[in-house]
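First chain A sits with chain B, and in the next complex the same chain sits with chain C.
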Partner chain A sequence: MEKSENMSRGDILVIKDLRVWHPVRKLLSIVGYVRAVDGVTFNIPRGRIVAIVGESGCGKTTLARAIMGLIPATSGSIIFEGRDLTKLPRTIIRKWYTGQVGLVQQDPYAAMPPFMTVKGILEEPMKIHGIPKEERSKRVREMLTEVGLTPPEDFVFKYPHMLSGGQLQRVAIARALILRPKLVIADEPVSMLDASVRIEILTMFRELKEKYDLTVIYITHDFATAKHFSDEIMVMYAGQIVEIGDARDIIKKPKHPYTEALISVLPDPDPQNRFTIKKTLPGEPPSLINPPPGCRLWPRCPYVMDKCKREEPSLIEIQDGRKVKCWLYA
Partner chain B sequence: MSRRTLILLRRALHYKSFILGIAILLFFIGLSIYAEVTWPFEEAIVLWNNPEAWLEYPKFAKPEWITVFTGKRELRGSLILDSRVANLTECVVEIYENKSLTMCKDLYKEREILAVGNQRILSVITEITFNYEYDEFPSSGKYEVYVNTTEKVYVDLILVKPNGLEIRLEGGFYTAGTILKTLEVKPGELSRIQLNYAEVVKKTYGVDVDVSKIEPVKLLFIDDKLFIEKGIYKPLNGTYKLVVSIYSTDINATAEIRVLIHGTIYGIAGTDRLGRDLFMAIAWGAPIAIAFGLTASVLSTLLTMVLAAISAWYGGVLDNAMARINEIFMIIPFLPTIIMLRLFYGLDLWGMLWIIILFSVWGSGLKTMRAMFLQIREMPYIEAARAYGASSARIIIRYMVPRVIPVLIPNIVIAIPSFVFLEAALAILGVSDPRLITWGKVLEDAYENAALTQGHYHWILGPAIALFFMAIAFALIGFTLDRIFNPRLREL
Partner chain C sequence: MLRVENLRMYYRTMSGLVRAVEDVNFRLREGETIALIGESGCGKTSLARAVIRFLPRNVAELSGSVVIDGIETIGMSDKDFDSKIRWRKITYVSQAAISSLNPVIRVVDHMIEPLVIHFKVPKTDAIERAKEIIKRVGIPEDFLWRYPFELSGGMRQRVVIAISLITNPKIVILDEPTSALDVMTQANILNMLKELRSKINLSYIFITHDIAVSSELADKVAVMYAGWIVELGPAEKVYVDPLHPYSKGLLGSVPRLRSDVPVTFIPGTPPSLINPPKGCRFRPRCRYAMPKCEEIPPVIKTGSEEYVRCWLYGEK
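This part shows the complex of A and B:
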């Protein structure tokens, strides 16, 4: 317990003003940039589960890929365990960093090489990181048991097409954890699965997180699972973080107009409200090539002020651990 | 991986086409082994390219099995009548003062020293008997007389036909050594045999015959009655006797005679213009065709795959540069280039192989495969592999290549015959290895010598059928593998 207290102090990952801009080319010149991630700053405390919530196309997957080191950051820094990834050479990222972070992807069917057995899939990361053979098969067995694929003997020689979506996602989690990483990025890990399997997988994930002292970044568009699974929620809109706070707080009392709108459209189990039509924000998310000046939400915001159209608000801490990027609270 | 291979193999064996293809291929492999065992490689090349070695074989002989269909009795190979060989068999030898007699089953040799005035003269009379019981004329023949003396000899060579007609083949003085004559005659000329035959017929039957249209070898074996009375050409069956009389003033001289009567059928595949056994060419063509086709197909496809994977994975400038090089290679005309290279550098088959591979690597195949790799590159499992630290080389080899292997393997197998055919086509164009025995070279030789217009069908059919079956074998195996590796095609 003491150790876990110790671990919870300090941040495992600090992101400062991160930008990931994809150039748009026409003929030979660059005519513009898609600002998929545009000036994101946050930190992930050790041992926490942080959910990044946002609609499709808001840049959450790009953010995850940048953190994984899969795509280069345009500017800003990603500091993991005190080392800035954007300044590290690629070989060190491959040899050291990839062993420290695990990735769980959205589509379990596509995430597994179809020509490898479960054993092969789980051994690959260990082979790459030079773990000896006896240790490898021991860990494969252990890990399969941990993710609930028991007895492991039944699964090691199976090919991905022989397993169900839920089983495959368990293998994916096993693969992400097999190198004993400190940080796991789960990019919509349950959105492709049956509702019945989702909770099972997330509960298991949570248990594993406790067991292995993990820090988890949980990327989703689903507030329901985010509330159930995570300690903290970050809301993303058009490449920027608009609100950060404790999971329960955010869902109970959303501050940012966008968060408010998202939460207001959550399905309501109360039969009393079955005929009420829920109000959504008008319009569509802005183009990331030419985002509106000022606050990016203003064309859709019900509380829009003159200031919003001119100046961009900054992420302001309004309470302990609660940050909002909105002029209403400035 | 081996478990998977076994499972795939077991599934493949459910297809009759696969079994048939494998059976044909195994036959060709057996043929290759037979060729290597019977005529080791270097030996075979020397033998094939040495016309001297084939002098005893009939030229343009048909395959032996043809008689099953025609029902005719034909002379197989060559009839060799050799006075030296006959001496070695069970013979009775009697020696008198001036005379020695050698009597064998089919040879009678009388050696006598005659006194003519005060001159002593050696007389050697050799009689060789043989049976000719065939429905076809011999294709040709030749005879050799050896006399080891430095003085003049008189040689008289007479063939006694079963009906008693005596035809003189040779008669006159020679100065020592070897007399080597064939029974063939140049068109427009008349040989001694033809003239003598006309003379003999005139004397015996009292008719004039036109012999200019009939080859000498046929006149020797023709049924004279049928020929004179009805004009029908048919060989006369029965026992022939060849009488060789040699007279010399050198009483120590020895004289030997060897006669070759060439038949019309030989072996499984017949013979060509030099009397070379075509079965040897077909047997040796098999391993060369398999080696050539397999190497070209496997290497060019694998190299294409590697280039496509590198091009698709690294992208950017490298991808662009490779696309341009590819376009250059696609424009260069293949045939003129290889003919030119062959002329300038005198390439052998393996040199040509490298050039063919170099050209086959590029082209639309590379573009198609690059497109496949571009699609695979975006698969989430590749991203996952990068996330756990796989290097580029590992991703290409362990993650991208296995995805295209199922498409690749049937293609490799199906492409093998196209390379075998390419070799044959180049050989017909005169671009081939000068030493090796390939099916293409046999076809070229047959084509150059107008085999079809001359009626020597077996010369073309043998290698053509071999080529055909090799293509069939690989096509059957390839298409079956395609159905197994790419099961979606089965639904079509």
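This part shows the complex of A and C:
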């Protein structure tokens, strides 16, 4: 029943009220939880690039790891292609799910074993999934060509330290795509690269997405690349999603006070910037061990009302495709 | 305040001579900010380090002229440089400064160290000065008695900037001061730097790879590529209508929030500085490359304080 409902909407991934709490231990007892992801609900339509944008510590990487099945969900469900991961046995996740999703990590140097060649790195996932030898070499060549490392012969026997950051990130993308996944999670894939290389890699990524009919979750702190390289943006704050909307639209007309504040302080290259003092939000994001009651932004919010301190707003749709978690719109 | 002429710095390495900074010229007035922008490895940090003489041991050549507040520093002994220039006239906030605060030494001891060691100021006076400066960077006075590990990233960056100001220098070199920080914290630090500049008439050399952020402080902009300044001009000119093909490419690769101009990238990678291409160093990646570009392009003056290093603007 659930399966057909999700498929008909064309969603590859549906997240319902997901919580990922990390226990805080003192000696042998658990004294509290870090609520890294706390009540997140969204769906990812097939074939789209969805950006999850937020500052460090907002829970975006924890969310990615939970979707990858790398850390268990505390509660809620992660439904991929109609099957709830939180209810699947580990063996199925390992055999089936790991071939369906690919991950590109932030730091390519840290993500690659330094003692393996590019060929070894790319073959590893295929070995685990039992792909025969000839097919493996063929795919390694194909994939290296796809990510622009040509001719592939020049790269297969290189070790990670022999490549530049941009080249290594291309290898990381090749590795994520080599099992022909349906969904790719890219966690800050270009934040360590230079401006021009960044755009080059993202442009390539978008072309690969079309060619291999992928769905992409692009996790970043950078609104500007999210605007240019994704269809939809979700803004995260303190473990929760506070706004969802069309990428360009959300940047042009942010509705949530947090999104509004972030976008207003982000510069474009403009000589006038040096004459203006930016209006920033006071304070810092709250502790996720003991978040404030009600809306999590209220201690910093310029529009705070009494209601915000008592009750948590829910994420509601205010216009076509735009959802906001704020009492101003409820 | 600062005049740099024909500055050149080469490093010696196992694989050859690295031409990290070559024939660099610029001036910086009192209260003015110059932004050095360019990709990693283009020589921004090397240039700054040559100015403040914060050099690695494998420097093979350092030549040209660096005049700081009327004093020529190239050729000066290290001892003279330390006693006359460093701290007194110019200070350096390195990229790694934020993580170099010793977590178990109190903020106040970090702050007074340059005064006590280099200026032999009595400790009580130094502490008074620290109190004054820390308020200026927007931190309450009682934080002086805390330890760096108790502070957030933004606070630590403020402390590091406070240390660079404690000796009342005229020029502060800021090397990627906000790159490791979150958006909101970055905006706060930039606001603070703007206020400081207008209050005490500081000059900044602002090094960043983030072109959008560079425009938050820059009065003038030097675009660096492969050890050269390829374009230098006022912010009004370089951000709006850059001349050099590299500057155009670099500005074109900045995704804009407030307009829908499509972003583009520059194909290829920067050259090796050990064996740079003949002639113009940007030639192999340049859309406008012509036969003449195999000769080293001259620095061409295109305005009162605008220079570009490209044959497109040279003698036709």
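Methods note: the second predicted complex is superposed on the first by the 320 of 330 C-alpha atoms of A that agree within 3 Å, B and C clash if a C-alpha of one lies under 4 Å from a C-alpha of the other, contacts with A are read in each partner's own complex, and residues count from 1 in each chain.
Operating definition for what follows: a contact is a pair of C-beta atoms (placed from the backbone, for glycine too) under 8 Å apart; a residue touches a chain by one contact, two chains touch by 3 or more.
Please read all numbers here as calculations on a predicted model, not as lab measurements.
> Based on the shared chain A superposition, would you classify chain B and chain C as clashing or fitting together?
On the superposed model, which is not a single observed complex, chain B and chain C fit side by side.
> Figure out whether A:Met234 sits in contact with chain B (first) or chain C (second), or with both, or with neither.
Once the two structures are laid over each other on A, A:Met234 reaches no partner at all.
> Does the superposition put A:Lys95 against chain B (first), chain C (second), both, or neither?
first
> Mind computing the angle chain B to chain A to chain C from the CA centres, in steps of 10 degrees?
80
> If we overlay the two complexes on their shared chain A, which of chain B and chain C does A:Leu103 touch? Say first, second, both or neither.
Only chain B; A:Leu103 stays clear of chain C.
> Answer with first, second, both or neither: which of chain B and chain C does A:Ala224 touch in the superposed model?
So A:Ala224 only meets chain C here.
> On chain A, which partner's contacts cover more residues, chain B's or chain C's?
C
> Examine A:Cys295 and indicate which partner it touches, taking first as chain B and second as chain C; both and neither are also allowed.
Neither partner.
> Touching A:Pro269 in the superposition: chain B (first), chain C (second), both, neither?
Second partner only.
> Would you check which partner chain A:Ile277 touches, where first means chain B only, second means chain C only, and both and neither mean what they say?
second
> If you stack the two complexes on chain A, which partner ends up touching A:Pro113: first (chain B), second (chain C), both, or neither?
A:Pro113: touches chain B, not chain C.
> Between chain B and chain C, once the two complexes are placed on the common chain, what is the minimum CA to CA distance in Å?
15
> If we count contacts the way the header does, which residues on chain B are in touch with chain A in the complex?
For chain B paired with chain A, touching residues are 379-381, 383-391, 394, 398-399, 402-403.
> Going by the contact rule set out above, which residues of chain A touch chain C in the complex?
So the residues of chain A in touch with chain C come to 55-56, 164, 166, 194-200, 203, 221, 223-225, 227-228, 248, 251, 261-263, 265-271, 273-274, 277-278, 280-281, 284.
> Can you list the residues on chain A that touch chain B in the complex?
Checking each residue of chain A against chain B gives 65, 68, 70, 94-95, 98-99, 101-103, 105-107, 110-115, 124-125, 128-129, 172, 175, 179.
> In the complex, go through chain C and note every residue touching chain A.
33, 39-40, 152, 154, 182-188, 190-191, 194-195, 209-219, 234-236, 239-240, 249-251, 253-260, 262-267, 269
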